[in-house]
Each structure stands twice: as C-alpha cells, then as structure tokens.
C-alpha cells in the first residue's frame, strides 16, 4: 500500500481559559492566531501552509478533543472511509468545519477521536509565494517560533490493540516498538508518508489520554533558546533539554498553563525510515534509556502525568 | 494519487579511477564500502538502512549512469510499469541487480536513465536494531559522515518537457519553480513522499547532465566542519558554505576528484511541503538569489560546469 | 610585564550620512543608540557594560577616526603615558570626552589615532544587575545583535614597524604572524589581557587604513542567521560565511552603507593563547589559506578595498 | 592593579585507580596522556599549549590535591610572593616540578592548596606551529575532546573569608556574587585576565572540597554530543544538559569513575566582563535559578555531593 496520509494536520486541545491560553500559545510558543470563533481559537505556526494546525477550546478540563490527519489526495479520504466500513469501525462524515471541507471522524480503540481529511484552505505560510526569504522578519525574539507541528503521543489502556488498529486500518507503519516479555508491542512510534520517526506514538495509559503534542525545532541551539524562553515566562519544564533514545530526537517537555504537555522536538539527529525496514526494538529493560536517553530511566511524571 | 515513491534510493556515478574514488568517498566523504565488484563499488552512508545508496563505476569520463527511486511498496513498481506503458514510454524490466530485485528502467526526456524498484536488501544502518545509541561510535572524526543521501539535480535541454514528464508519469510534485517570461517552468524542485524540498531537481542544460547529487547534513556547525575537512583534503569547493533561497537549504558544493559535483545539503531550515499547496515561484530576475541566496546571483560555474 | 590593557573599547568611524548610518547600525546590525550628539552618535551592543563601543561621525568620507583601548585599572593609563614619554612618542592628554574621563591620545607609526583610557561610565549591559536572565527579551529577531565588539584590523605602509611599536610600546603580544622571505612579520594578530586571537591586527596597506572592525558572534548558526539578515537588508557581503585559518574564527565580512567593512567574527572555534607561547607562523605561500581558509587564496578585495 | 594571573593552569586530582582513570580521561573525556610517572599521570587537552593541565594521582580517596594558576609573566610570581609575605600567608617555594619551574605554594583559608607559577614547558597544542589547520585530524569521534581547561569551583567553610582572600591577596575580581541577608557574599565567581565569567568560584561547604573542575565546550550541539558520549560510556550525569543563570554558561555536570565532578562548560552565551563593572548579585531567594537556570532551584546533589 502506498502512503495516503501526509501528516498530523491539527490537534484540538482543551484549555481552561481561552484568553490565558492565547497569551501562552502566541506570546511564548509563538503560534499565530488565525481567528477566534466563540469558545475556540484557531492557530498556526509561521511555516504552516494549511489554514491552521492547533485548535484551542475553552472547557472545564484540559486534554485532547480530536486529532486530524491530512491525506495526500482527496480520494484518499474515500479510501479510508471504505476501509473503516470494511473493518466495521463506526464513523461520521463531517461535511465541513472551520476553513475545512469533508472529514471522516471515528474513535480508535483507545477512545481518541481521529479525523481524516484532505480539503482545507491553504493560505500558505508567513512568507510570500514568490521569491521568498527563508524566514519571516517579524517574529518575536523571545518566542519559541517552531516552524511546524510534528507529532502526537497518546495513551491507551490496551496499547497493543490500538497499535494494531493504527497499523491495519490507518496504515501507519512502525519505526520503533517497546515490546513486553512476550514480544508484543506495548508502545509504538508510527509514521506515514514523511518517513520521519513518528507522526503518532502510543504508550500504555488511560483512555483518551494526551501525553503530549509536539512542534519541530531544528537545532540544539534552538532547543536551548526555547528553554530560556520557558524560564523567562515561568513555564513549567517537565523534562529537558534532553534526548530520546527512541526517535533520537532532542527536545523539551513542558506544560501549557492548564497542564497539557507540549514538546519542542529537535529533529537534528532524527532519521528518515525506509518502508520495509524492520522496526527498532526496545524492551522493558531498555525502555528507560529509550525514552530518556540521558537519564537512562523513566522520569516519574512520564507515566503518571498527562491530560 | 497517493505517494508511491519513497525517495531517491541510489545514484550510479562514473569515476576515472576506482581506487582514488574509494579513497575520497570513504575517507573524506565518510561513506562505507559495502563491496567492490569488478569495476564497480557499492557504498552507503552510516544511517542508510538499504543495501547501498551510491555506486561508483570506473569509466573514461565522469557523470551519471543512472538513478534509482525506491517505491513505498512492491506493487508500486507494477503501478509505474503500467503508467509507462500508458504513456508509451519504452522501458526494460531488470530482474535483478546487486543485492536488489526487480527494477524497471527507462529514459526520461532529458536522456537520463532512471530506475524504479522496491526490492533491495535491507541490512539496516550501522546501529543495532535493538536499543540503539543515536550514532555509531566508530566514525572518523575527520570525515564528513552524512547520514543519508538526499537529492539529485540534473540538467535538461528541454527542462519544461522533462519537468512535465516527471510530474505526470512519475508523479513528482513541485515545491518550487523558476518560470520564464511566459510563466513556463524552466527549472523545478520536485518531491515525493517525504514532502521535503526535493528528491529531484531539474534545470536547463545539456542532456544527461548531472549537476550534483547531495547528502543530508543537519546543522550549520556540521556544514562548517564539512568545509574544514574539504580543505584538509584539498577538495575543490565550488560554492559555500552558503544558503539557497530555493529550498532554504544551507550547504556546500564541492567536486569529487573527477569533477562530479556533490552537495552537503543542510536541511536545518528546510521545510516540509503540503500536497495541494501552490509551488513557490521564482523568476528569471530573482533566480540568482533563489539559487545562491547570499551571493544574490548565479555563481559562474553553476550553469557551465557539470558532468 | 602584566596585562594592562583589557580590550578594544571603542572605535570612531566616519559615515557619510548619520541618519542612514543609524538605520543600518541599529536596525540591521542591532546596536543600540546611546545618544546622538551633534554630528556624532554613540552606540553599544546589548551586552556592553561600558557607556558605548561605537561612535559614528558624519563626515565626507568613510574610515576610522580613532580607536580606544581600555586599561585594566586607572593607574595603567599613567603607566602608558610614561611609556610613550620614554619612547618619545608625542601624545595629548584628553581630560574628558562623552561619558568618559581622561585619555591619552597618540598616533601610531601607521598614522592611526589611538586612545588609552580607563575611566568611562559603566551603566551595565541591557540586563538587570540582580538575578538577570541570560539575554534581553526585546531584541529584534531580524537584527544581528552581536553581544560585544571584538577586534579591529588596520593597514600600515610599514607594517613591521607598526607591529613592533604595538608590541614594544603598547605591550600587545602576538598570536600569529605572516612573515616575509626574511622572516620578518609583515602582518600580525595581537592580543591583550583576554588572550583571545586578537584585539588588534595589522596588515600591509596605506596609512590610516581601516580594514574592518568586528563584533563577536558565537555559533555557526548565528553566522548563518546574520548572513540571512544581510541579504534581507541588501547589505553587501564581501566574504563569507567563511573561516579564517589565522585565528580559526568563522565569520562574514560585509560593508556598512558607506563602505566601512565590518566583520561578525564567530569565535566558536577560536582559541585562548598562553603568554610565552610562540606565535603561529604563516608565510607568503600559505597566507591565502591563512586569511581565507575555505578559498585557500586571498579574495581580491582583501588587499584593495578598505576605508 | 593590572592582571598578573593568566588563567587556571592545572588541577591535580586524586583517583582511586590510575589505569581506570586513564581509560576514562583519555577515551571518554578525550584528554591526551603526556606521561605517566609513578602514581601520577599528566594529561592535556588537544588545544593546550602548556605541558599539561590535569594531573591524576592514585590515592585512597578522590578530591583535589592542588590547583595551579599561571601568571602572565615570570616576575608576577615574585609579585605574589611579596604579597603573600605582606599578608603573612605562609608559603613554600617549590623550585621545580614535572616539566615546570618555580612555583609558590600556599593554603587558602578554605584549606585548598594553590600554586602560582609561570615557568612551564610550552610544547604547543596538537597542531603545527606553522600554517595550522583549525583542529587536529586524529581526534576520536566518540570522545568529548574539549579544547581547554576552563575553571574550578571549590567549597569553603567560611566562603566570605575565602572570597576576600582570593580578591585581596590573589587579585581575583568578581563577576557574580550570591549574597546573604546581610548583603555579604557567600558565593563568588572570580575572574582574572581573560575576563571570562570565572577562573575560580567559591561556594559554602566543607574545607578542601572540590565541587568540580571544568573544560570548555563551544556550542549547544557539542554539549549534546558530549552527553551522548557519557551515556555510551555509562558515565554518571549529575545535571544537564542545562544552563546556569550565573555565568550564563551551558553545560553538563558529570562524575569521573571515582566521584570527582567534572563540567563541560559551554561558553556559547557566556560573557566577557569589564574591570570596574559591578558584580552581578544573586540572593538566597534567586540563587536556585542562578545555579540551575532551567530547574529554577538547586538540584539536591549540588550542596551535598562533592569530593
């Protein structure tokens, strides 16, 4: 099967106060507000070509509302619609949403709401479409300014089943697994067309759990700069600057003001994976070093704190 | 149409002396010799999962023999076989080659030999498949050591036609074009599944011309380190350390001992492109800055020196 | 003799239009205007603790007016006053200048006006003096923002004589020399207390010539960022991003709007030199690689274009 | 008073097993063995010009034996001899030591043995003295390879007294203080000629305590690379990759196999300090952020674990 999903397109995340959230997401993280509509705000990074990649929704708790994966072409949405039917997965067709056309919406075994869509407005990034400079000049010096959303890590009460669903029905492929004593995957890092370490990762935990969503950061220096900004803004750092053994990515885990964990994920040593290559295996003995390479063990909050 | 081509898989390049070539490609560039077979040598970068990505062939001139693009899945080879038939493009089926299975081989309008294949041995990169460290410990400090092959730039007497062929028949998509006064693309940067700035680029020039092939380098510091190594080894630098406006990539153009141009292409500010987004346009007036962002004009050798 | 000079404290440079100059020096280079007084403007970098480090003076030609070297302690000014007397070098005592106390002013053999001073207002850098963050938050993203002035390269009709003067009278010490066939230094890189590659360098050329003055930049990534900013502002780049063999420094030569050459000098691989260590020697054969390590020869403008 | 001390020249550190120590210091840290003499080994970094900068001595406990500060000129040793006399500080004259001439040896109030010397063999760094490349080609890829020793942090039962001694008798100057409620310095970062954030720092603790000694690392990427190497060699990381608020330095604390703490100190955002500028002040409330900028509090081991 060819690649029919391009990448993680958007996440909708709950926040307790939309004003405070916008202050954080725009002034500290450096996202740009596309529009505020009722209790929702649509945002995007400076290099995002699509209409938006983050939706914040005011609510009485934090956590994930839904995640959208964008297909490579319009007909790929129909392809997955058929596939869901074939696997008898209930789904809704959502004819349109903010600046977006048709999506199919369904629940994966871990309880998370996923959407698959192609049609969304493409206003382009913050550079001209003709003869652009390499970056926009009006960025804030003291904001993190990631160029693009990168991936999402979710928790599942039955991760083996959720992983299998994502692989079989949604055609994700694995770059890395943590396997249990029986050799079964209990955590997985899953990729689509970009062949990067992950678009989606799944670890054990409660249903509907959002462990973190991540933005790309390109260099070790940028990671340090981001960490500086977090301190200057009293942002709670959960872990890092550090490195993962799994994905090789360097980065920082931190929390938005409501406890949603975000990562700046530095791909500077991350890899491209080849279809057909065997996934990398980590065991319960080595997974500590896999997740937190420098600490060589799980940081306490990793399995216990998420939204 | 979904993505059926994963990436540029290998290039076969002619060298005048295989011993000298191996000295350069292994000791300076830091590729690893897989095997020398007759007048050919098969090499790969340390993070290459597939059997090889560079083939050197002793010959009486420099230049490109062929380029191989690997598909996402086995059946994608059949798909392109049908497509070539449909477009009445002559092709050969090559049942097998060194550590590789079936490929279809054909000539594109610019005269270059392309192969499309899926089946190749996948011995993995230079790290263990279980609980690996992020990089192999035995790399040479004074070699460039790029992790992977990245892209190829070729010349075409009728670039508009060659671009159209690559887009229609091979299903490349464009990130950027240089257009002439009539708005026709005379140069193109074309991507496949990875959605990176390019897997293949085409500029005007003579048929079968190899402008350069490129390896990924991840940071500005690594680019400087690579340039240092070039001087220490009397490698001729053609351009750089510099930056392209087109692709935003930072890098260096340099020559192997036989005049084949190679690039270390630093993706640290390069982008990911979204299917459906309009290609970036450069004109004949702005293309100088597009190709060489800091010089803001074409370096003399750019259009005149290649193999 | 101990170290009595701390570093290059300020340069006064002529510009043809002070308004245009301030636009360039503040918006592109990212210096901060301390005050404009008549036809002069006093500026400083964000991490400068002293009152100012650059003085721009509106004039009908470009070039250097004077350079000030700050001593380690007040009595060191008297020490050099005695030394000048002893060597029968004419000097003036300048009792005060803008935000500065006493200086001694004299002409070195190459015709340049030097000042030695200690007493200057020390308002501190742009961070609080108590519990500061590592950098100020209100910097412009699209300015170069060097933290501090670094060194100055001047030309001398009789460089051997000027070098000897600076060593004997001003107690500079050499890190590196270019020597002629007779082994005489015809160019020198000279340091003071910081023991960095240079505070002052001297090459052959016309009297009073200012080859360039330089600001520190800390990483290869920052050098690339600086080069990007130069293109975005139509700043003429003379050379770079590149590296010097001499000093090992990485950097860029560029021109202010009036032809004064400036360098962003990236010390990331520069060294600290030990008193008593023999200077590094370059010859007329190797000096091309010494000055421009990647080009391995003098760029044409190096010996011909300066103010 | 001018600068009469150039920098921290060497530290002598106790190790429990010299073979194991040499394996760590040469293969992991990347120092070079100058010579092993009896129960001592003399080592240096690749860019060290002097004969050695680290002495390892086999002993039955870890910790500091002595630290040597090198003067700017020979007569500065006599100067400090007189000064010690004047302050009635007992001292020994050590006429010679390994590859070194005369030193004066004395005990500072915190019980540490200091030496002041000028005369030491200067074989130069690992590059030729004529027309050198910027770095030596034969470094190990998987060693940390710092270019030079940087500073030392020691503990004192009466830090205020020890700080005062270092300032008055040894003519160190302060860049930063932590002050107690009465405004008295209880910790200090002290510099000499280089005007860098510190050559010596003093914090409260037991007498003769060695908190850490540090080597310079130039970029955020190099810090990450160093941390990778520590994991690959099962080196215990105490803290980092992180950043200090005090000194602004980025770095890693880690332990040699015997518990001596070492730092790779990344000066990429560190500053140069101007004589006469007021030291930066931190209070007992802000010192947590001062020492560990990202954690914003003292890591538990900081005050309790040292040799």
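Going in written order, the chains are labelled A, B, C and D, and every chain counts its residues from 1.
In this section, contacts are C-beta pairs under 8 Å (C-beta built on N, C-alpha and C of every residue); 3 or more make two chains touch, one makes a residue touch a chain.
Quick caveat: nothing in here was measured; it's all calculated off a predicted structure.
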Minimal step count in the chain contact network, chain A to chain D: 1
Relative to chain A, chain with the most remote C-alpha centre: C
Inter-chain centre distance, chain B versus chain D - centres from mean C-alpha coordinates, in Å: 48
Rounded Å distance between chain C and chain D, as computed from the means of their C-alpha atoms: 30
Between chain B and chain C, centroid-to-centroid distance (C-alpha), Å: 43
Touching two or more other chains - residue numbers and ranges from chain D: 133-135, 219-221, 228, 231, 243, 268, 289, 293
Interfacial residue positions of chain C with respect to chain A in the complex: 133-135, 137-142, 219, 221-222, 228, 231-232
In the complex with chain C, residue positions of chain D that touch it: 1-4, 6-7, 47, 49-50, 70-73, 76, 118, 122, 124-125, 129-135, 147-148, 193-195, 218-220, 243, 245, 248, 268-269, 271-278, 280-283, 286, 289-290, 293
Chain B residues within the chain C interface of the complex: 219-221, 223-224, 227-228, 230-231, 237, 241-243, 250, 268, 289, 293-296
